Amino acid sequence: MQVSENTENKEFKPLIVAFCCNWCSYAGADLAGTSRLSYPAEVKIIRVPCSCRVNPMFILKAFEKGADGVIMCGCHPGDCHYSTGNYYARRRMTLLFSMLDYLGIDRARTRVEWVSAAEGQKFSLVMNDFAKTVTELGENIKLGDLRCKKQQD
Amino acid sequence: MQKTAGLIKKRVLELLADGTVTKVLGWKEGDFIYDVTPASFLSAQEADGLVYSSFCGANLSKYLISECKALTEGKILALLKPCDTYSFNQLLTEHRIDRDKVYVIGVGCKGMLDIEKIKAMGIKGITKVIDNGKELDIKTIYGSKTCKREDALLEKCLCCKSKNFKAFDEIIDPEPETKEEKADRFAKVSELEAMTAEERYAFWQEQLSKCIRCNACRNVCPACSCMKCVFDNPVSGVSSKANTDSFEEKMFHIIRAFHVAGRCTDCGECSRVCPQNIPLHLLNRKFIKDINELYGEYQAGEEVGSRAPLADFTFDDAEPSVVNERGNS
Amino acid sequence: MKKIEKAKLNDLLARLAEASTLYLPVRKGGKVNFAKWTKDEEYCADELKTVKSAKDVFFPQSENIVSFKRESSKITILPKELPTDRTVIFGVRACDAKSFDILDSVFMSEPADSFYTARRNSAVIITTACSTPEETCFCGVFGIDPANPGADIQTWFVGEELFWEALSEKGKALTEELSDMLSDADEKEVEDEKSRISEITKQLPLNGLSLENFGGDKTNELFDAAQWEKLSQSCIGCGTCTFVCPTCQCYDIRDYDTGNDIRRYRCWDSCMYSDFTMCAHGTNRPTQLQRFRQRFMHKLVYFPANNNGEFSCVGCGRCVSSCPISMNIAKVIKSFGGDNK
Amino acid sequence: MQRIGVFVCWCGSNIAATVDVDAVVEAVKNEPGVCHAQNYQYMCSEAGQGLIKNAIKEHNLTGIVVCSCSPRMHEATFRKTAEQAGLNPYMVEIANIREHCSWIHKDKKEATEKAVILARAAIAKVNLNTPLRPGESMVTKRALVIGGGIAGIQSALDIADAGYPVDIVEKSPTIGGKMAQLDKTFPTLDCAACILTPKMVEAAQHPNINIYSYSEVEAVTGFVGNFDVKIKKKARFVDEKKCTGCAVCTAKCPSRKGGNEFNCNLDNRGAIYIPFAQAVPNVACIDSTRCIHFKTGKCGICEKSCSAGAVNFDQKDEIIEQKYGAIVVATGFQISDVTKFDEFQYTKHPDVITSLELERIMNAAGPTKGTLLRMSNKEHPKDIVFIQCVGSRGNTCRDKTYCSKICCMYTAKHAMLIREKYPDVNVHVFYIDVRTPGKNFDEFYRRAVEQYNVDYIKGMVGKVWENEEGRLTVQGVDLLSNRRIMLDTDMVVLAAAIEPSEGVRNIATMLTASIDTNDFLTEAHPKLRPVESPTAGVFLSGVCQGPKDIPETVSQAGAAAVKVVGLLAKDKLVTSPCTANANELMCNGCSTCERVCPYGAIDYIDKEVNDHGKREVRRIARVNSALCHGCGACTVACPSGAMDLQGFSNRQIMAEVDAICK
Amino acid sequence: MSEDIIAISGINPRQCMKCGKCSATCPAFEEMDIHPHQFASMVVEGRIDELLASESIWKCLSCFACVERCPRSVEPAKLIEAVRVSVLRERGGSFLSPDEIPAKLDPELPSQAIAAAFRKYRK
């Protein structure tokens, strides 16, 4: 299947997957909601117990299935609910992102942010900014399974 | 090399005879000098086929996983080149082999040859290669050819980790540590890093699109010792048998490199065996380079029991955004 | 017999590519494989053997065979159209040409594989004689003559010219289409080339292998032979030999959920893999010895048993040069007394 | 295939105003596994839960998806609902279409689409859910209190009174903590010793309390209900059982050059000492770093003078191993380092002191026997300047960002006590704000101003220097009159910030309890679980959790005790089933998971496995589900994917990814 | 205008908790009409014209005592400097000549003030 290039007329809406740690970022997202701080609906959150639960395979899987950007949010270093999880996550993601960059994948399509349960505003700002960045990058064609691209009809 | 081979054979026969070992893991001669096969030898008679030549690049340490399991009595003798001992240690660290069951003979190595490189020089129909130390005398069905030995070295030997053995019970004919400057093993990685993202993408697209998903890189890799690989596991969510889309070859190679990151000793077997000559070692070396730069120098297999960088952290590790601050985008 | 100057070969390829999809050996990322030809690609005429054989033109490594689409509770089945565009494969060697016969007997006997058959029927195969056979070649063992590669059209590179001989009806028709580019030629030069090739072939170290201990009736003798253990002990269970092999034809069928539909595709599989023919109860060949034995027994015993004595190996030697541990069919044949030199 | 019911909540208009709930119901009806979908105004209401229960029974549902508010809000509610209808509670998933959708999006179409996708992700997950059953573990009915200050004493007394044995581990030779050093307490001005020492004695005499003084916690392993603790009882070189506390030895000790910590080093003590007269236990202790016997092998005067024969130079550190069900951290605080504030001349001039030092000077048992004297010349002061917020409320490297909370009140107390006792002394207080929330607190402060004429100056002190007369000149500013203030004074008292005790980081690490950037222990929830650490079985008492005064500390100590008692009253604990689990056929036994587990929950066993008929002994990982908290670090460390997390399995998360990316 | 001062100084004056430590520590306090601690709140309130007209900006010695002591990282000297720079920018080329400096000097001022002042007025 060929991806239609006739996308200019439509406003490009990226698909963004956000992995959020249950103890901080997910709660931060809740707080953003409670505070009515909006961010684009393209951002879809997946709850994980800790940022260290995020397997690089999940991130690649999201790209495979057509995500245009993947962001992982965890507790600030030092604040992990499980004391050390985000430190491991930080190394894993650093290396993974570096590898994606090495393969020539747009480096701005992946991001890690530390957002606490109290940072509803930060969550909203981060998501707005990330969505903006990914929108500017346009559709992800370098790292996706072409079979999963939606037909642009 | 022939001298070394003789010494090895002599010692192997002694150890088999006195019962120190019951099985020997080494290399068996093939049809054309260059096609030696890893093999085990149970008796003096069998050991007749044991060779040690410039084409013994294959790393035997991974065979020890199954050999240790199967061994019921005595010890298994493993012939390990200096670089192979790193893999051996890494396997010990991961409890995949039993040190007590293995008798390691470290065998000196001058650097192993890559028949693919010789063939790529346009030398065809090779029936014999005579290693004169500096030059190679190559017999072919189209006549004799010569080439410089250094031009035919395996990629891993160009930047030899060490001539020293990191594990051994005894050593035969060790080589002195080379004095001349070794090639920078990260040179190509740095070169890629300096390219633009588009150039990098084009490079890897061209290379990885050759992948036929034969799994040779994975199956030969001493770090890929999983009972069941995620890519073979139908419930893993990522299993696949073929590169049905260019995504899958990326997925496979990224995840494979990630799974061995911090455990890969840079033994270079993946690149050596790839039928399509994909420079897979450049993926592993990227991780090694990143680890060294971000978390401090680390050589997997240098010592048994060392903590892999991905199972470790410091409070002030670099943030993932460091990726955005380096090199070309 | 026709001929064309080598210098004009690119024009000929361009012509072929206009009217059909043209596959030939091209170099990508340093390695030569059959691929679709475009004007920017260079035909690697000097490469004796591509890494993969030409079989994936007819039997691709993976291909969708049907899709399923689900809307509300209704499932629509979307069959894939059969490929009927004319395909030309250029530069096929004698061994690969022969391998198509073997694959045909698998895929085109009843029930025929419609995808394979459709592609095969709409293809014209142009072979090229092997001017420089290599030490890994042993096609002669299977009665293949690299000097007379056969198929629809066979060609020879001699000096600065390519000699061209149409053999089949399809070949003749295509030659007719190209008649303005081809000129008539004398067979003398080709005959010289053929005898030169034959001379080389005689010297090939593996060409003297004997298959007398193999064949459809040897199952009982060979199955439990002691040799298998030593032969298979260092096999790492990868699929290199299978995937570079022109005659291996096993595949798996899998489903892929794209999110919009389900694609059912088939992809090459290797009997060397530990999960080959995995069933609910596990695998029926749990050891590498069994898997290793299966591959060679299939090529040298089971296949001939079911196909009038035809071995399913063409002696291309790809596995000989690409096996990570240098274990191969030649060594297997030798260990069963096939070293007749 | 599951039989899934989807329940879309309107949350009044909170969801329904932005998300077309009917459209969501329609959209999910055809998702795989869904056999029932409906919406309702308030799913969490009695009636809403009733709908769910009925649907479970009527449609024989095996899984539930509730599209509603955050799972952090009502996941527990709906799990209970499911359980009441006979469904395993872990077959419930929540799609958060309120906080993550209706509340942040305005466009109804967009919000509805997103709600459908979130619902699909939850459905995809439930399709892979399996019923999970919580595990059980036994509870050791004994509590450990780390720290023997007022917080620790109070917690211990309350737990002991409820009938459970308690051990107090105190690092110094006596319990009592900081409160024992105080002279009077605000706002009632009663003497600290008079109210504290009876409690110390009560603790010492309580049949359920055992005090390990001069001891430290060495190692903690285990988990809630089952902590294994190693306590190091440091050698005090005096037999506790024999020593009568007569203090003859302490008077005779010839080594008298070292400072007396109890009096903030304003005077000296012997190498053998009892910190203060009311110490509990009232037993001497030899400071081996100062003792002449330990330095030269000679002396031994204490040994000779002890009629009870209690001195024992050969005593060794002793390790005590004990099991506990619960641990209370009551490690308290210390005064932050004021030497960084060189503008106040603390290190240069003896008349610049901290408030705690002033407490000792004012105390009858202190270095001046309770007479207010300048430390430089032992003369009576005429003027005293108090400087507030030294090291608190700043954002530079010298400061703590927080308010130390107690300084305003104790400064008012000091000012008042001085004016009361020495009406000739002028007292000036430089403050930024005076913070006096608390019962009778502001009244107390006003009394200092109105009745005792304490001079409160709003503005900070810029610097202090010794003037030609040998007194101190204080340069400040009065912000209310916007003029420069230059005051000559005899003493300067710094209200230094308080900070968590030095060793708390180490203790937190042993307990795997988290601490914040200021090293205060983190509470499980800042409002609703303020005395619990996020680490189950670890409770917080006193200033280790945050600055607080004595009444607050005592309240929290009691609250922590209640939590401990509540825990110890149980015979068995239910453990979360969302723990890691190794697939033994896939496990390589490589030990990577063990290395990343923060709880030491993973060990390895050699076990015979049956791999599709192939039997062999393999080294495989084993997870102690009582120890596992379910973070998932091991699942990613595991290359083969043998390690997976129940409730958040690889497949479940990937199914969510797939559903979202559809 | 407040924004300009904030941008030039790089300071967030809202961090000020009005403790007055800057004024308390300022050696030129008595010379000033508007005191250092007032700068922060006046910038917040937008009273920039008063600051521009203030003598204080010429009295500040740039000794950085306030910067050193400020517990909230407000660093009033930077705010003062920003106001001063604004004035200088307004004035364009007409800087004070070195000859005018002695008249502005106060014999009571420490020598560092002279150096600071000269740096300030030079050109």
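In order of appearance the chains are A, B, C, D and E, and numbering begins at 1 in each one.
We take it that contacts are C-beta pairs under 8 Å (C-beta built on N, C-alpha and C of every residue); 3 or more make two chains touch, one makes a residue touch a chain.
What you are looking at is a predicted structure, and each value in this text was computed from that prediction instead of being measured.
Set side by side, B-D and C-D show the greater C-beta contact count at B-D. Using the average of C-alpha coordinates as each chain's centre, E ends up farthest from chain B.
Taking the mean of each chain's C-alpha atoms, the chain closest to the overall C-alpha centroid is A. One inter-chain figure worth recording: chain C and chain E are separated by 85 Å, centre to centre, where each centre is the mean of the chain's CA atoms. The centroid of the Cα atoms in chain C and the matching centroid in chain D are 71 Å apart. Centroids built from CA atoms put chain C at 30 Å from chain B. Note on chain placement: the centre of chain A and the centre of chain C lie 45 Å apart, centres being C-alpha means.
Looking at chain C, residues 256, 259-260 sit in touch with two or more other chains. Contact with two or more other chains is made by residues 56-57, 61, 65-66, 78, 84, 88, 92, 145, 147-148 of chain A. Residues of chain E in contact with at least two other chains: none.
Interchain contacts (touch definition given at top) occur between A-B, A-C, A-D, B-C, B-D, C-D, D-E.
Of all the residues in chain A, the ones that touch chain D in their complex are 15, 17, 22, 26-27, 29-34, 36-39, 41, 44-50, 52-58, 61-62, 65-67, 78-85, 88, 92, 124, 148. Across the complex, chain C meets chain A through its residues 256, 258-260, 263. On chain D, the positions that touch chain E within their shared complex are 343, 389, 393-396, 398-399, 432, 458-463, 475-477, 479, 482, 484-485. Listing the residues of chain D that touch chain A in their complex gives 70-73, 96, 98-101, 103-107, 110-111, 113-114, 117-118, 121, 512, 514, 516-517, 522, 534, 578, 596, 598-599, 629-633, 635-637, 645, 648, 650, 653-654, 656-658, 660-662. Across the complex, chain B is touched by residues 28-31, 33, 48, 51-52, 61-62, 132-135, 200, 203-206, 230, 233-234, 236-240, 242-244, 252, 254, 256, 265, 267-270, 273-275, 278, 320-322, 324-328, 330-331, 334 of chain C.
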